Amino acid sequence: MKKILNQSGDIVTQSTQGFLAAYSKFFEAVPETNCIVYKNRRKGKVSLVIGGGSGHEPLFSGFVGKGLADASANGNIFASPNPQVITETAKAVDEGKGVLFIYGNYEGDNLNFDMAEEMCGFEDIKTAHVRVWDDCASAPKDRIEDRRGIAGDIYVIKIAGAACDAGLSLEEVVRVTEKARNQINTIGLATSPGSIPGLNKPTFELGEDEIEFGMGMHGEPGIERTTMKPANELVDRMYSELKEEMSLHSGDEVAVLVNGLGSTTLLELNTVYYELDKHLKSEGIIVHDAEIKNWCTCQEMGGFSITILRLDEELKKYYNAPCCSPYYAREALT
Amino acid sequence: MKSINVETCKQMVIAACDAIIESKEYLTEVDSKIGDGDHGIGMSGGMEKAKTALMSRDDFATINDVFKTTGMQMLNSMGGASGVIFGSMFLGGIKDLEPITELDGELFSKMMSAAVKAIKLRGKAEIGDKTMVDALEPAAVALEKTDKEDLTFCMGEAAKAAGEGVEATKTMVAKFGRAKSLMERSIGFQDAGATSVKIIFEAMHSYLQAQE
Amino acid sequence: MKKILNQSGDIVTQSTQGFLAAYSKFFEAVPETNCIVYKNRRKGKVSLVIGGGSGHEPLFSGFVGKGLADASANGNIFASPNPQVITETAKAVDEGKGVLFIYGNYEGDNLNFDMAEEMCGFEDIKTAHVRVWDDCASAPKDRIEDRRGIAGDIYVIKIAGAACDAGLSLEEVVRVTEKARNQINTIGLATSPGSIPGLNKPTFELGEDEIEFGMGMHGEPGIERTTMKPANELVDRMYSELKEEMSLHSGDEVAVLVNGLGSTTLLELNTVYYELDKHLKSEGIIVHDAEIKNWCTCQEMGGFSITILRLDEELKKYYNAPCCSPYYAREALT
Amino acid sequence: MKSINVETCKQMVIAACDAIIESKEYLTEVDSKIGDGDHGIGMSGGMEKAKTALMSRDDFATINDVFKTTGMQMLNSMGGASGVIFGSMFLGGIKDLEPITELDGELFSKMMSAAVKAIKLRGKAEIGDKTMVDALEPAAVALEKTDKEDLTFCMGEAAKAAGEGVEATKTMVAKFGRAKSLMERSIGFQDAGATSVKIIFEAMHSYLQAQE
């Protein structure tokens, strides 16, 4: 495993500095941290702070921008940011209207963001959080709060960002964001491990011809390990999991994300959508919008995930709002 | 030793830092079996910061300050579950403690019991959930029960209990942290955080022994 | 090598159909081909048709859209499209103002696009072409027409798309596009091979600890094979090649693209930019804009390239024009 | 055989298609040494199309039509350098040819010479540049020089010359195609396109022999 990194210095710091240097028009650092802030953020609204461990680029920093998050609090590789930097980040963007934190539902993130909220409280910053738990393979439905957040993060961020921009109160932003979060499910599939930068170690092991349905971004176990299968069979299985989980039925309107985990190519991801599209069409699901992206990755991990966001009129309004960041730009294409 | 002063306490904590830093690869190995394999990175990173902060100052007036500095450095640098949890291990112990300049067995026992309480409050994990609590709580209990005449002896008892706790985690199903999604599959592997607790107590014990 | 593909059916066709299904709002197929057309393209202007072999996604189809190309003629994996589909694609978007073809300077592409231009001639479609030869590692400067086109394609497309949109004549569009092409250089670096989809074979071989400067997208040999080095040393070497090639000096204004070849992560690419930025700053190069993207890939190939486009006032105007496609959106971020 | 009719010619070309289709992996192997490893895919894909088109019709009236169908299918399906070049091999031969219904040595020689001319015009490669021209031109020259009484014999001579041409490419430095960037490093490897030419001539020769 050859990684293009330096011999000395902090990996995340250097990477963040590089990102900031390239996109310096848009972002600046929260001083002395690896957290970033959108320079031209709309003022006088609820602030949206996202974050989590590094190593999943473009998540999280890539989703800071117009109509998206105001800032991202970034941790070390695969480790949540600490309470201090989260708090500093929140302070950097707070407009007195409150700060909403969105992050994936992981032990480390929960502990650190909770503590940060306590610290914000001491500074009289009103806060709230929405934890994303879209990965329906990570725990049964009755233990939904044990589920992990994966690619669904991005749709939650999109909706929340638009709701903040619309000038909603913190309570209203939370309501809309939770509504979106509750209508989002993802199922993933791993074909090969990523590696931990700086350690030169694979994040998990998988046999030559093995794959695992539902495996988490960090190699957390999924729902079934099996031999490699053709794309159509993989998608069949994954779609039926999502369909049952979400009770999808004819007439439902959705946004769909096929997300690559790192080294799986767009050629393959397009093929996944080719198969997925057949299911969606034959089941009468109305696809409002679809994306095929490498948005939520785990280094050079192989595999992909499918995310479905079920829309209603309210969510559609926020979904449709334009947004723009280096990795997620949505405008009325005319 | 019956008790130690601020400077010795600082050196003892630095010894714990060194032990964790040296165990970086080992802890990562342990975490990668059922977690995400970053525990060694996180812990050693936090302990490096703590060590640097401890060594950069000669004016620690109290034991509290030594522990606070250590805990704050960990809390505010590590991130991850262990940043908060291990930060709380050091911070929780001194939360309601009056300023002290000598640490004896009695006080250390009080601190560790308070630390356990703080961690459980924050992390919600109970004994048997396969976390560092399974090493720390037995250590605190052992400290309570033991004869507190000699700090070195106390530390040895705590280290022993923590070590047994680590062994016990092998039979447990994880209920917290990344390992919980493994369910039954987590059985047979020891918990990474518990391993760190054991290493910390053992290092502090060795340090004290060497001072005799 | 596990590839998420079907057991039967044509790989490129299925992938293209998947892309079209996901982005059906924006694109449609040229009937019975794997070529795609932008539905809402501006009318009454010179048409821009890009293309080349498949397998380099998001190039080429990902750069069809507003302010970019009107259509993409896509070949099989790593093989240029054939003259018939190129001609059909040109016919599908021709507005009577002429069609400009932009493609990488490869034997196969040259032969097929040339023949397509002859065929367009029979149909009274005015055509021109600009071949991209940005890869300065692929041949010495005095054999510039032997150089290959790599990630620089995208900046050439960007400028040409804007020039077409500005309503310039075919001759003027060609002039501007050639000017841009002549101010673009790229140097790449390979750390590991991609694989040929459907064949399960690596595109080349590279030792455990070996890398190759200047290696082409399909494994064509570069300028030096050496052992793996830290990021700063890699970037040092690459920057000095570009600097000499382009005679870069203080005060030059440039756009910079750090492009991942497939499986190299954004964490690493950001680190590359971190190192690159030091050189640019210390040399007094003015960075007008920078991107860190996986735009021109070769399956899961490892490595990256650095592209520099030197801007003058005219090129800057076209560079700054907004554009929008699923993979390249540029708007005035305010 | 002195000469062949339209149907036999069609079968002969189909035999060439089959031989290329069977050589898919081998050609890919050859191309991957100094090219991008897709020559087998491209050629077999084109030849599949050509074969299907040839087999789907029973009404080929002329030899010209057989060659035109083959060439057009290759040209309009393969893409890559070889689509145009090999398309031109079949199309170039009939460009200025009057409609014929019998193919003999004389006519075949004329066709191949015209094909060489067309390919060189389009691709600019000359003998010695390490391309399929290094197999096709020697074959055309051999056809010109040989006694043209018997088509089977002619085809054998062409195949032999093409084979020698393939061998010769091993000593050449590539001037065209993806291999040219290898410069001296391309020495020692045979050219993929030249290999295809040899396979095509050999298959046509075997087919004719089997009809004797």
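To keep things simple, chains are lettered A, B, C and D as they appear, and every chain counts its residues starting from 1.
As a working rule, a residue touches a chain if its C-beta (ideal position, glycine included) is under 8 Å from a C-beta of that chain, and two chains touch if they have at least 3 such contacts.
It should be emphasised that the depicted structure is a prediction, and the values quoted were computed from it without experimental measurement.
Each chain gets a centre from the mean of its Cα atoms; for subunit C and subunit D, those two points are 33 Å apart. Look at where the CA atoms of subunit B average out and do the same for subunit C: the two points lie 54 Å apart. Computed from the mean C-alpha positions, the centre of subunit B lies at a distance of 76 Å from the centre of subunit D. Contact topology of the protein chains: linear, an open path with no closing contact.
Every pair of chains that touch is listed here: A-B, A-C, C-D. Against subunit A, the residues of subunit B that register as touching in their complex are 28, 32, 36-38, 41-42, 45, 75-85, 122-123, 176-178, 180-182, 185.
Within the complex formed with subunit A, the subunit C residues making contact are 2-7, 11-12, 14-19, 21-23, 25-26, 40, 54-55, 57-58, 62, 65-66, 191-192, 197, 209, 211, 228, 230-232, 234, 256, 258, 262-277, 289-292, 294, 297, 299-300, 302, 304, 324, 326, 329, 331, 333-334. Of all residues in subunit A, those touching subunit B in their complex are 53, 75-85, 106-108, 111-112, 114-115, 138-139, 146, 148, 196, 198-199, 201, 203, 216, 218-221.
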